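Each chain gets a letter, A, B, C and D, in the order it is written, and its residues are counted from 1.
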Amino acid sequence: MQINKHSIQEYNQGQLQEHSRRYDFAASSVKDVEGVLQKLMDFQVAIPSWALGTGGTRFGRFPGGGEPRSLEEKIEDVGLLHRLNGASGAISLHIPWDIPTNASHIKALAAQHGLRFDAMNSNTFQDQPGQGLSYKFGSMQHVDKAVRRQAVEHNIEVIEHGVALGSDSLTVWLSDGSSFPGQLNFRKAFENTLESLQEVYAALPENWKMFVEYKAFEPNFYSMTVGDWGQSLLYANKLGPKAYTLVDLGHHLPNANIEQIVSLLLMEGKLGGFHFNDSKYGDDDLTVGSIKPYQLFLIFSELLEGMDARGMNHATDLGWMIDASHNVKDPLEDLLQSVEAIMIAYAQALLVDRKALAAAQQENDVARCQEVLQEAYRTDVRPLVAEARLRAGAALRPLQFFRELKVRENLIKERGRKTVATGL
Amino acid sequence: MQINKHSIQEYNQGQLQEHSRRYDFAASSVKDVEGVLQKLMDFQVAIPSWALGTGGTRFGRFPGGGEPRSLEEKIEDVGLLHRLNGASGAISLHIPWDIPTNASHIKALAAQHGLRFDAMNSNTFQDQPGQGLSYKFGSMQHVDKAVRRQAVEHNIEVIEHGVALGSDSLTVWLSDGSSFPGQLNFRKAFENTLESLQEVYAALPENWKMFVEYKAFEPNFYSMTVGDWGQSLLYANKLGPKAYTLVDLGHHLPNANIEQIVSLLLMEGKLGGFHFNDSKYGDDDLTVGSIKPYQLFLIFSELLEGMDARGMNHATDLGWMIDASHNVKDPLEDLLQSVEAIMIAYAQALLVDRKALAAAQQENDVARCQEVLQEAYRTDVRPLVAEARLRAGAALRPLQFFRELKVRENLIKERGRKTVATGL
Amino acid sequence: MQINKHSIQEYNQGQLQEHSRRYDFAASSVKDVEGVLQKLMDFQVAIPSWALGTGGTRFGRFPGGGEPRSLEEKIEDVGLLHRLNGASGAISLHIPWDIPTNASHIKALAAQHGLRFDAMNSNTFQDQPGQGLSYKFGSMQHVDKAVRRQAVEHNIEVIEHGVALGSDSLTVWLSDGSSFPGQLNFRKAFENTLESLQEVYAALPENWKMFVEYKAFEPNFYSMTVGDWGQSLLYANKLGPKAYTLVDLGHHLPNANIEQIVSLLLMEGKLGGFHFNDSKYGDDDLTVGSIKPYQLFLIFSELLEGMDARGMNHATDLGWMIDASHNVKDPLEDLLQSVEAIMIAYAQALLVDRKALAAAQQENDVARCQEVLQEAYRTDVRPLVAEARLRAGAALRPLQFFRELKVRENLIKERGRKTVATGL
Amino acid sequence: MQINKHSIQEYNQGQLQEHSRRYDFAASSVKDVEGVLQKLMDFQVAIPSWALGTGGTRFGRFPGGGEPRSLEEKIEDVGLLHRLNGASGAISLHIPWDIPTNASHIKALAAQHGLRFDAMNSNTFQDQPGQGLSYKFGSMQHVDKAVRRQAVEHNIEVIEHGVALGSDSLTVWLSDGSSFPGQLNFRKAFENTLESLQEVYAALPENWKMFVEYKAFEPNFYSMTVGDWGQSLLYANKLGPKAYTLVDLGHHLPNANIEQIVSLLLMEGKLGGFHFNDSKYGDDDLTVGSIKPYQLFLIFSELLEGMDARGMNHATDLGWMIDASHNVKDPLEDLLQSVEAIMIAYAQALLVDRKALAAAQQENDVARCQEVLQEAYRTDVRPLVAEARLRAGAALRPLQFFRELKVRENLIKERGRKTVATGL
């Protein structure tokens, strides 16, 4: 299903009067509103190919309908999102779920939808049919060099697919670890993993980055071999300048201060990418901003502070991706809500009066520090985000328009009710 | 595969001298050693039918070989465990994974292995092929009365299967809940669930119990409709005298004091059953005693204190079951380790000098209270547990004998390498 | 220090134009704006007398200056807050920190400031100079009946002070529990505590309520004898119709779903009161809304849903109190921020489109449920809250006016730099 | 109060027969029992001077009697512990709580008791009377260079005291951090702290080590400026070869895998010291081994594996100290229980069959890995620990003898009932 520009314009036209009223009010309190809008328009969040189908847990999965049956249909879905919100202009592929049989065709298709290829994702946490050796006891950490070699080769293959598509980064998430005390020699597991990563690193093209993602637990329940930011940073530093840490919001122990981690990784020049989602208990992979929107704002506030301090470009110098699982919502609706929450948090962070904050910090005026942050957070920035969409030719209210267009019903008609997209 | 008594006796013979040396030493410090041994011999832990295959996570599953392909083979596996350790004399079935086509045949088969049928388990957390209505948004809590009715009828059917097999209890674990704020009206979800449970309760045979299991999170990640012991107790009290709370060790928020919960539920006369496993992060479903063996001991200590205070029979007045997932170990080995850990904790709890503890508590002599508990916990009770096995005709060292017999290799020969048992 | 009405009006005058612009915009989207404003004006949050001084941790305390030196000065401080924000019209006293030597004088003084006396608080978690028996090993749970008796008598004395002042409720927070396994017999501790509470309950005047507050941990680090809502509800049910559970936001295990607890307690007719604060790790006692403002909104949303379902009056049928510790902020500024955060969350909860939410819930339209909640939460309601203040004769921007008036500087001049208020 | 050697010998004589019976049994299964005993005799745990009095929480403190009133009496108390258990041969001082007025006298006194001076501890988490600038908003992180300078000078002064006493290490625990979002610029706080630490580092004598201790939360409740091992390692690496990370068991987020942290820090050559205690919720500072004894064993298992791999001396190459708070027990009894728990865990770790473990790890035989660890853990090693004490001239059962001697009663007679030792 395609949405043409004209229908969006028509839709926006009907919303315009109310939008203008709201936007005028919102804009009246923003200093450099044009600058803010431009930043909002530039900011793009990658959609992972595996987020387009209904996710599940180990207990079960309740598929919806009209899920994409091929890489082409996944690109179509992301294109549709991007058309609606103007902020989803990239897709992140997973190998082997998304092996492109004809890379140039796929690349051209993506370009038609205004999409680029974000970080490539490898998979050594599952065994694939026909795979020579099993990852049951890990991949890059494995005591058997042959298994490690297989994992390395898989990652190199993923890089090759990425090169063909025009991607320029590889995200390595390892489920390696142990479920029982004694199962692993932690040091040797680290050393094996480092050696494996070094072999992959050696195969990176000149302009590529490698993101080393960490996770505190699951699917291993005693230790993870890349378990926290400290471990990820150790690997990244030992690997070299192309290696970075990737932060996934759901991959921490309870109560972790993620915004401080972000700040320190930026200080070290080693923050590379970001996976957005939300959670209450563990890696719950819920819609971004659905549980802790203030934390999301605080993280964005640190991201901007740290990036600005290093002269980094918000839109291009970090990899931004959603990584969630849509168990009880329509995946496309969920993604629209997630991107909206990200844009809101980003807009709020842009509104923080940095000078006033720095001054209050300098005076240990803690109450004032809080006031400055909350002044930005409590502002209703939705009209600003909507205006950025309007200017980008996207829909003023993407989710509402999605429903008016009966997109899901159309997709089910096209693709059937019982399709199941590849993914978890 | 069957293990005959004679081969066990032969095996034990070879171990006997060393065992006697250890047992004599251990027994010399125990007051009523015969009483302790009898209690250890009486204590039986049910094995759930779904624990006989390799489990997995949402990220993947790495099957082993020789898994049971039918209910008959599951009974055979539990029979084998029971033959080895003399403490696994019950099996807990799950409907629809274990629908017996011929109940009397199955009952007779179990009896041959010395097994009885423990609590029956229903499943409304997954959709089955051909099922009329979906449980995607809950079962007994569902806003649609027809879905609730379907869930109730399923549970009544499970009771009927249980009656045919000679079981006398039903465990209801509901995954009902919500993954997002606003999704549920908590009160109505509670009321719907209560109404559904009441309908199932009305169908319980005279001598049956109903266990209402609670869980803090997963697969729902915002709220669970039977989420903690407080909620479970509310349901149980409103349902009536046949309804009890069931405690699963992995179903709590971080740092919960489970032993206190156990004590209070016994005080209220509402503790009905227990699911053993171990965990570090969430419902990790690891081998019992592999992460927090001291907590297990403390729980047993409260169980005995509370049961003794009410004159309850340790072996028969609560439902004891293992509920774990064997992702990286041979399931049968894992179960042997779990039962061993349970027996050790039970034996240690039996050794607690209750009089001395009560006296120290009465004097607020906290250091002494700790000494009394640790005196029991630090004692090496393995020879006592082994002696109980010896007297019951089971193997002195079950896991070692399991390996000597090459049980798994034999099962693979019999059943094949690629079998996958029903379960998660 | 006193602030007269006239100076507030003058201050508001200078803010009025900008306020009107913002208020008009905000009001334009609210259906029953007058009804909302009236509710905001009616809503009053009690200030605890111990929150007027600088708090600390076991590691240290860094006092500010100008802290109240007497009960009279505490009342003066709360009066000042109430004058500024029109929403702090009650004070909650703690015995023995606030024993009134002349109750009728104190009562009259409070009335002058427009304050009533909220719940009285007893203290059996510390030993006072000259106290006969020690609470080192608990108070109402104590193995020694004489200690329990002393605790009961203290509570009865607190009730008597309260009667003299016109209060009508008693909050019992017990630090009772244990720091080591074995220290307590959980059941006997519960029974002793129940017996003690029953004796206090028997002394309650006809129109009084008793609030049984629970806490998961601290100052006891193994078990708490009123440790969670389930335990508190057990006590409250056994005590009788005047006994209720009191929820303090910081008294839960990590990740607890407090909004669900609130909903279920309302369902049971047993929610009595609320202590506001915020926290990231434990009972951190931070400014309300400073860490998890969305959770605060969700809690308010459940409070309103549940109270409305029972026909309860928002303002009067539950006890609302702040309970925080001001370690690094001016206590009065902190309290102004806290009340503001509460009013914002309340206002947002009032804006929730209940009909739309109920309809979306009925259709399992999870994305829509979220939209309905977030529509209210993302609205900038500060102008509504300010308008309610304006109409109540309070300051449009209380914190800003507090600073302009140099209140703290004046208090230091009056009271000195080295005063230390009673409290933790 | 002093205990003479002769009375210990007499006491041991009465215990000897039963001890020998137990020891012979225990020794019979240990390969190199003499080697194990020697290691147990060599292992010494430092006692912090502030642990000799009753601790408390922010809610209150319930002092016992006979607490040491001076540094001399603290040394006497540690001497007494060391005399009883032969494993407490060091004391760790805190400045300004323990400023020695006459260092050579203090040094001689300690030597008389067989004690050496372990790591010196500085204090910038409290304001001292007469202190020029306040640490309310941090010390080494402070925005004001003058405050940082004061903190640096204090630490240098602590080093000087340590040099005079023969200590050779400095532990820096900073409570620096923030309690509210926005309060700190995380990066600048890190940079200020690093700069301050560098100035202290520059003042370290040639043979000294600096331990940078981390803590997740408390007394700051939003962020800590040395908050986890990753941050501590960053500082230590930037400081230089004399700087190390120090691990305190209670300073982690819930569910952290401390044993893995220990292993990785040893791999990096940056583990410097260890603070023992136990906890269920936060920095509860309970008796070592009272809550999670298996975790303690697993940590020791990693310590030995990692130290052996680097050829480190167990007894001397890491700093071992208890850091607990004795709120409801006699502090000396608590310390005796803590040291006993440490020695038991150390002995169990020494019994781990390293070769078998490595072989099982190499084969991914997870069940066997667990068996190897549990074989050691389930062994009753108390007779080995007692034998080591016997050979060192200490008491076979220190706590029992402590009570028989009525040590506390004697200390109260000597020092009075109302003494309060310096500390928290």
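Rule of thumb we're sticking to: a contact is a pair of C-beta atoms (placed from the backbone, for glycine too) under 8 Å apart; a residue touches a chain by one contact, two chains touch by 3 or more.
To keep track of the chains, here are their UniProt names: A, B, C, D = L-rhamnose catabolism isomerase.
Worth saying up front: this structure is predicted, and the values here are computed from it rather than measured.
Shared contact partners of chain A and chain C, listed by label: B, D. Here A-D and B-D were compared by C-beta pairs in contact; the pair with more is A-D. The mean-CA centres of chain B and chain D are about 39 angstrom from one another, to the nearest whole unit. For the pair chain A and chain D, the distance between mean C-alpha positions equals 43 Å. Of all residues in chain D, those that touch two or more other chains are 136-137, 179-181, 183, 216-217, 222, 254-255, 257, 280-281, 287, 290-291, 294, 328-329, 364, 366, 370. Residues of chain B touching chain D in their complex: 25, 254-255, 257, 280-281, 287, 290-295, 328-330, 333-334, 337, 344, 364, 366-367, 370-371, 377-380, 382, 399.
The touching residues of chain C, when paired with chain D in their complex, are 55-60, 62, 125-127, 134-137, 175, 179-181, 183, 216-219, 221-222, 254, 279-282, 284, 286-287, 290-291, 327-329, 424.
Residues 136-137, 143, 178-187, 190-191, 216-217, 222-223, 227-231, 233-234, 253-257, 259-260, 263-264, 266-268, 294, 298, 301-302, 305-306, 309, 357-358, 360-362, 364, 366, 369-370, 372-373 of chain D touch chain A in their complex.
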